[in-house]
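Quick one: the structure is below, and I'll ask about it shortly.
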Amino acid sequence: MYSGRRVGYLIAAAVIALLPLIFQDSYWRTNLTVCAITVMLAIGLDFILGYAGQLNLGHCAFYGIGAYASTLLITRLGVPFWIAFACAIALAGAAGMALAMFAVRLRGHYLAIASLAFAVIVHQVLLNWISLTQGPLGIYGIRPPPPIALPGLPVISFANAGNMFYLVAGFALLFYFLLDQILRSPIGEALTAIREDEVSAASFGINCAGWKVFAFGIGSAVAGAAGAFYASLVGTLVPDAFIITESFTILAMVIVGGMATLLGPVCGAILLTVLPELLRGFGDLRLVLYGAALTLVVLFMPGGMAQAARLIRPRLPGVRAKLLHDRAA
Amino acid sequence: MLAVAVQQAINGVVFGSLYVLVALGLTLIYGVLVQINFAHADIVTIGAFAAYFFTYTLGGNYVASIGVALLIGAALGWLINASIFAPLRERGSELLPLIATIGVSVLLQNAMLLWFGPIPYSFDSPYSNQVIRLPGGTFITLQNLIIIAVSTVTIALLYGFMRFTFMGKALRAVAQDRETAGLMGINPNAVIMLTFVIASALAGMGGAMLGPILVLTPFAGTSVIVKAFAIVIIGGFGNVEGTVIAGLLVGLIESYTTQFINPGLTDIVVFTLLLAVLALRPTGLIAEKREENV
Amino acid sequence: MTVLPEIAAAPAEPLFRAEGLHKRFGGVHAVRDLSLTISRAAIFAIIGPNGAGKSTLLNLMSGLYAPDAGRMTFDGRDLSAMPAHRRARLGLARTFQKIRLFRHLSVLANVLAALHIHHAIPAWQYVFNGRAFARDHARAREQAMKLLAFVGLEQRAAALAASLPYGEQRMLELARALATAPRLLLVDEPAAGLNAAEVERLIERIRLLRERGMTVIVVEHNMDLVMEIADRVLVMDYGQYLFEGIPAEVQANPAVIAAYLGA
């Protein structure tokens, strides 16, 4: 791996390791964990929107499917956490692929609305299928992942907010790595080609429909993982956590961060999660800020923070202009 | 039993005609610009609140408040086109304007939430409680009658405008082929702006009439917009007659689902219908009707 | 795998055959009852007045549009219901009349994207890059540079595609189409917007492709180009077959002259 990237990953790992030492109270640690979950959602959506170019407004549905699937498997069928986690990922990914297979022939706006309709249907099902989900009353008392006991070490309990952060942030970094590797491979080239121009992409033998389904599957699977972690972090699960406003929030993070890169949405997610916390007392202003940020970024700096970074460091365009393959080696 | 069915039919037509007003705006904009204004819903909500405050705070006449809402809607439409769609037109991106309007929608909704609070406002027009008895044991409130009347007249006027006036024909020309319309001396930008103003005026007006019969919160528009999307897709983007039929259809389906199945399931039914329509009539990559120069 | 395949000596059977193709858009009959036969290792030109349906024909051949009626076979394989991306894998490539480069990517990246079908990497190495990945990566770059050299763009590999002058953009289009190593190449108005020197270079390269055994179908308005390189010419008018023959015959044919002069 390019040494610059290796350093980047090490820095990220170091930051993750240090954060709970800086923020010792569980309120902030929980916030950081929520931030990590949001990062997962953002990179998942970025894979679909920023790379495959599909405006998926239904991302929150897969988040919800992951959360409810893992929770129900654990509470109703007594499935062990990590197996339920894997199932949640698989189910969310499969649902994403199903939506994509349906929507793949649709032009941009139609796909956006179809995904929106799908999200509304999922939310309404979660709300109304009371025998399964307990509807608006929600599911309570969801436990964190089971403690891990390694020989010779103290038991790692995830009721501890710091440990929970390490777990979730660690997975976020892992998912980032996996997506990054995929995007730097010929698969990433194919997705970029599809985003840039599907007609010529097809003329090169790229199966546009197939790869779009793939992108939806991967992005939705990551959202499902985020959902599973969310449920076990927050302890209670209500359908209204997955209304379509959530999709718009994640969309704002991806766009503000810069959807043509993978790192941009990470920054966007962190910024838009942390900023309202800093502006405490303006809790209700949070969504107003998101809306304003989204609109202004699209109008004035559509490349988001990544574009802004390029303007500040003019050397970057030369590097960015070369595709994924062009490494210094 | 029959009386109930007829009653629900009447309710369905009432809601349906309001949905048509809102959906017509969306379909007009799409026809002329091939773009979706996601904030359309919020114009509906703002129209409702404008009518509310005009009636209650300023003590104005309810029917006049519909006019006020219309004007405010028109102004908002002008503003949104001028600040978002027109500047982004040069960039040529298909999806960016939609994303920008999603931002506007989130902004407006939550700004209204801060301003007006989440508690529903009870908006009673003076006509909400006047009931007219109809044969067969059914009834209709005067409010609903006004809604049907105003909607019908508006739709008819719009139809006449599109068919018989120069501006209306210019609108259809720009929808069909913007470049050629431009070459024939029609200013497409002016036509697009006019379309926006008309569409948003319709939305505002719809809001003013919806206010008394819906739960008036900052999110009132959202419940309507997603149905409006469904209607526009079922009826066909840009197709005015189709939108009217689809709107009434959705109103009726909603009404009957509420009465005979389960009120919580209306959204699921309507959206499943939407997805079914998309499944059967998808638009291809290159919309073969508008032959793209490849 | 070489960049420009040395195509084996041709069997006698024609490479491409179309029978009775029809395509309408609403009221417009873009292509009407068109049949043609393309032999191997040849340059076949399609000409006709504007609106004659030439580009529609190319779109039907490459799979962008589905015909309302008629059949097409490529190397004996029936193309009905075969989507565009599979035809590319079969050996059918094309350029576009309206330039469709990936504008935000570099010149090199554009060609690399077009090499999609040649990658040979085991699935797991897409994530955990091993030796096969590195080999494939190096080979792809090498092939891409060779293709760029063929069209004379090797110096511009790092430039942004949108920054190229028009003539070079057209050559990049050609390089991308060649990346799939096609046996049949459809070129849609390759000389549009090129100056005389650029047209000369283009002619050279198309001839070179034919020598290597490729079949090239050229839709063109530039008559000098057509007369110079075409082995056979098909003339279309109003979506229909008007005439087919060698260039000299076409030039002399009264019906063709009438169609162009708009009699």
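Going in written order, the chains are labelled A, B and C, and every chain counts its residues from 1.
The rule is simple: a contact is a pair of C-beta atoms (placed from the backbone, for glycine too) under 8 Å apart; a residue touches a chain by one contact, two chains touch by 3 or more.
These figures come from a predicted structure and were not determined experimentally.
**Student:** With centres defined by CA atoms only, which chain is the most remote from chain A?
**Tutor:** If we average the C-alpha coordinates per chain, C ends up farthest from chain A.
**Student:** State which chain is most central when centres are taken as means of Cα atoms.
**Tutor:** That would be chain A.
**Student:** With chain centres taken as the means of their Cα atoms, state the distance from chain A to chain C in Å.
**Tutor:** So the centroids are 41 Å from each other.
**Student:** Quick one: report the Å distance separating chain B from chain C, using the average Cα coordinate of each chain.
**Tutor:** Here chain B and chain C have centroids separated by 47 Å.
**Student:** Roughly how many whole angstrom separate the Cα centroids of chain A and chain B?
**Tutor:** 33
**Student:** Hunt down the residues of chain A that sit against at least two other chains at once, touch-wise.
**Tutor:** If we look for residues of chain A contacting two or more partner chains, we find 199.
**Student:** Hunt down the residues of chain C that sit against at least two other chains at once, touch-wise.
**Tutor:** 64, 96
**Student:** Send over the residues of chain B in touch with two or more other chains.
**Tutor:** Chain B, residues with two or more chain partners: 286, 294.
**Student:** Which residues of chain C touch chain A in their complex?
**Tutor:** Of all residues in chain C, those touching chain A are 62-64, 83-86, 88-89, 93-94, 96, 100-106, 108-109, 112-117, 119, 121, 126-129, 133, 136-137, 140-141, 158, 160, 176-177, 179-180.
**Student:** Where on chain B is chain A touching in the complex?
**Tutor:** 30, 34-36, 83-84, 87-88, 91, 93-96, 98-111, 113-114, 226, 229-230, 233, 237, 262, 264-265, 267-268, 271-272, 274-275, 278-279, 282-287, 294
**Student:** Show which residues of chain A lie in contact with chain B when the two form their complex.
**Tutor:** Residue positions touching the partner: 55, 57, 102-103, 105-110, 112-114, 116-118, 120-121, 124-125, 127-128, 198-199, 245, 248, 251-252, 255, 284-285, 287-288, 290-299, 302.
**Student:** Which of the residues in chain A come into contact with chain C in the complex?
**Tutor:** The contact residues of chain A facing chain C are 1, 178, 181-182, 185-187, 189-190, 192-193, 196-197, 199-208, 260, 318, 321-323, 325-326.
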